[in-house]
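Listed below are the structures to be examined.
What follows is a pair of complexes built around chain A, which joins chain B in one and chain C in the other.
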Partner chain A sequence: MSKFFTRMGDGSAVFLSEAEIRRDLEEGMLDAADRGKIPELTDDEMERLYQIITDPQKTVSIERGNEVVMTFDAGTLKLPVRAGLPVDRMTTVLTHERVLCSDTMEIGNADYSYKQLKNIVHEEAASMEFTQLNCIIPVFYGAMPNLGLYTKPDGPVDNWSELLPMAKIGEARAAQEEAIEMAVKDMVYIASILYEAGADGINFDTVGASGDGDFLATLKAIEILKSKYPDMAIEVGMAGEFVLGMHGQLEYDGTRLAGLYPHEQVKVVEKAGGTIFGAVINTNSSKSLPWNLARAVTFSKACSEASNIPVHVNAGMGVGGIPLTNTSPTDATSRVSKSLIEIGKADGL
Partner chain B sequence: MAVIHEVASGMGGIRTAGDLVARVQMSKAMKIKEAKKYVAEKLGVSVIDLSDSYLMKELREELDIGHVQVRDRASYGIEAKFNISKVLDIKINSVENFKRKVKMI
Partner chain C sequence: MLIIEDAIKEAQEAIVKCDENKAVAIAKQAIDAGLDLVKLLNDGFSAGIRIVGDKFGRGEIFLPELILSAEVMKKVTEILETAIVSDSAKEKKAVILIATVEGDVHDIGKGIVVSLLKTQGFEVVDIGRDVPVDKIIEKAIEVNADIIGTSALLTTTLVEQQKLEEELRARGLRDRFKTIVGGAPCTERWAKKIGADAYGEDASDAVVKCLKLLEK
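So, the complex of A and B:
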């Protein structure tokens, strides 16, 4: 029986038969439908996914006319910090604009959390002003809410990750509620200065990394920012597909945040005033690309159909079906790109 | 990773109309189809044309809204964004800041 070359969720090569690929596609899709309580993909969509996975071309692409735009998290960290290129952040933005031809870019600090920016926010604002004079593409300023940084010893609040194992549930909840108010204040302060420096938008990245409190702090910050600056574009990129209930009882406008999946997360982001939603679907590195891709596309389609704002599905390492490796193979990345847009109905990546 | 996504499914930034569609998504929270239709109407081209780097090079130079190749006397940076703001009929934050700083408003 002939086998097709594909990938595992960690990026390693694997050869699978038609039956194995179809089984993995089916199981991945059903896993998403079951967990999210969302519609399954149609038979036609499943057949398209099979054709994309088994396409003999190394790099596949969308059909002409289906192109989308891209936004970035950790934008200016990729060249000077991660790749070690000796270039400043404005040069990084211009390289993305004029060489890589990115549609947008994001300026961020190496210590990528809003709390950490308070001492250097005016230098960050000056960098934004210089960059805005020279660039043409829209430039976001971005960082993470990172509620965990407000806990001792880094911050003033008791650490709920230490309180919870001691069964101090009430104390853990109170600590999170205290941290939320501090995080809201910091995010509004930083985002206001960067927006007044000319940022085209603010990116809240890896939202929910510290659970439902992290998510609620971001939603509250968005509300305040949109009332101060109605024209501000705000992108919310999530940390994971499922909001962890570190508090468990937090609500936004009557919706309990713990346990929300992307198609539900986007509705509260939209209600708070978010402009672009960055849906995240986790990649399981021990499952195959067909399994992960079918699962990601099922979540993406449900999220996009539920949303009135554009959905940019996160498609970097370890999310959105992309293998969990720093150098994702081009065959896998291009298949994810095409599938998320043409079947998952993403408005961008 | 970004390069592969761009090759597989991207609009192409300032080679085409990617930055313009992104701006409209950001300023009007529009889904991709509506944002492309809005930009196409403002530029007087078809939606398919927006991702055609040959056609868009000519059009971007004609509208003086910036392109990957820097030519003398062509608008660059904030100058190009002034023109983009007019062509797309949207507010651009850095352009409004610039106007305030030089007392245009």
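So, the complex of A and C:
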């Protein structure tokens, strides 16, 4: 029986038979449908996924006319940090514009958290101004809400990661509520200065990494920013496929945030005033690419169908079905990109 | 008259619903009725905790509920263990030393793993974050740990897990401890490559793997 080259979620090569690939596609798709309580993919879509996975070409591409817009998180950290190229941020942005043909780009600091930027925000603003003078594509400014940085020893608030294991639930919740207010203030402060310095948009990246409080702080900051700057483009990229309930009872406009999956997350982001939603679907490193891809596509399709704003699915290291490796293998990345766009209905990546 | 099947079902429900009064009542009734308390603990209350762990992994319940369930579990375990003549349930317990490796200050995931491990009766010694290999080994010896668990969120700090394995081998201590590794960039392949005994994909999986390590 012939076998097809594919990968595991940790990037290792594996050869699977048609039956094994179809089984993994089915199981991955059903896992997403079950967890998210969302519709399953159709038989035609599953067949298409099978064709994409087993395409003999090393890399695949979308059909002409299906091109989508690309946005980036930690944009200016990718070439210098991930790829180890000794280039400054301006060069990174221009390389993306003039060599890689990126549609947009993002400037971010090595201390990629809003709280950490307060001391250097005016230098960041100057960088944004110079970059805008030199490039054509829209340039976002991005960082993470990173609510954990407000806890001891990095911040003034009691550490809920220490309080929770001690069953001090009330104290842990109160600490998170206190941190939310501080984070909102910092995010609005930084985003306002960078927007006024010329940023075409603001990116809130890895939202929810510290749980539902992290997500709520971002939504509140977006509300304020949209009232100050109604035309501001705001991208919200999530940290994981469901919102971790570190608090568990936080709500936004009557919706409990903990446990929301992408098709539900996008609705609250939309309500707060977000203009692009970066859905995240986690890659399971112990499962195959077919399993992870079918799962990611199922979540992506449901999210895109529920949304009234563009959905840019995160497609990178360990998310969106892409294997968890420092440098993503293009055979997998291209298959994931094509599937998310053509079956998962992603508006962008 | 309470029968074991009903007691097991109700014990599971009490844990899943974080219902301390009900859990304590079932435990006391089971003692009075002379039921198999080890079976009740393992198939009822502990199974309930596994359901809670699974629900947590699916985003259906959240950390505070998880902690509350763990507290209920702690209470009924105390009651039942006092009454259990056989020591079989206690034999499953182990000491696990857990740390985030040196150079890495991320501990949200580790905190969740600690909470889940406690729910399963492990004695967890959490020595925090940014912990050098020397200190991990020193502490593991001091608390007589059965398992050493290390977490790393960064690709740059992942190598500390490898360093731990090498250092344990160099000191002739490798067979004294079981090791488990986890964290965002960590994979099964990495665990095998460095010679760790287990890899936890997420918090729930880490607990399952730790329980399996005890069987070895």
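One rule holds for everything that comes next: the second predicted complex is superposed on the first by the 348 of 349 C-alpha atoms of A that agree within 3 Å, B and C clash if a C-alpha of one lies under 4 Å from a C-alpha of the other, contacts with A are read in each partner's own complex, and residues count from 1 in each chain.
Methods note: a residue touches a chain if its C-beta (ideal position, glycine included) is under 8 Å from a C-beta of that chain, and two chains touch if they have at least 3 such contacts.
The model shown is predicted, which means the values in this text are computed figures rather than measured ones.
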Contacts of A:W291 with chain B and chain C, given as first, second, both or neither: neither
First (chain B), second (chain C), both or neither touched by A:P165: second
Contacts of A:A199 with chain B and chain C, given as first, second, both or neither: first
Superposed model, chain A: greater residue contact from chain B or chain C: B
Which of chain B and chain C A:Y252 touches, first, second, both or neither: neither
Touched partner set for A:Q132, first chain B, second chain C, both or neither: first
Which of chain B and chain C A:Y50 touches, first, second, both or neither: neither
Intersection of the chain A residues that touch chain B with those that touch chain C: none
Of all residues in chain A, those that touch chain C in their complex: 8-10, 12, 35, 148, 154, 161-162, 164-165, 167, 169, 172-173, 209-212, 242-249, 258-261, 284-286, 318, 324, 326
Parts of chain B lying in touch with chain A, wherever the complex brings them together: 1-15, 18-19, 21-23, 25-27, 29-32, 35, 47-48, 50-51, 65-66, 68, 70, 76-78, 80-81, 84, 91-94, 97-98
Contact set on chain A toward chain B in their complex: 59-62, 64-72, 78, 96-104, 129, 132-138, 195-201, 231-233, 275-276, 308-310, 315-317, 322, 328, 330, 333-334, 337-338, 341, 347-349
Residues of chain C touching chain A in the complex: 58-65, 67-68, 70-71, 105, 107-108, 111, 114-115, 118, 126, 155, 184-185, 187-190, 201
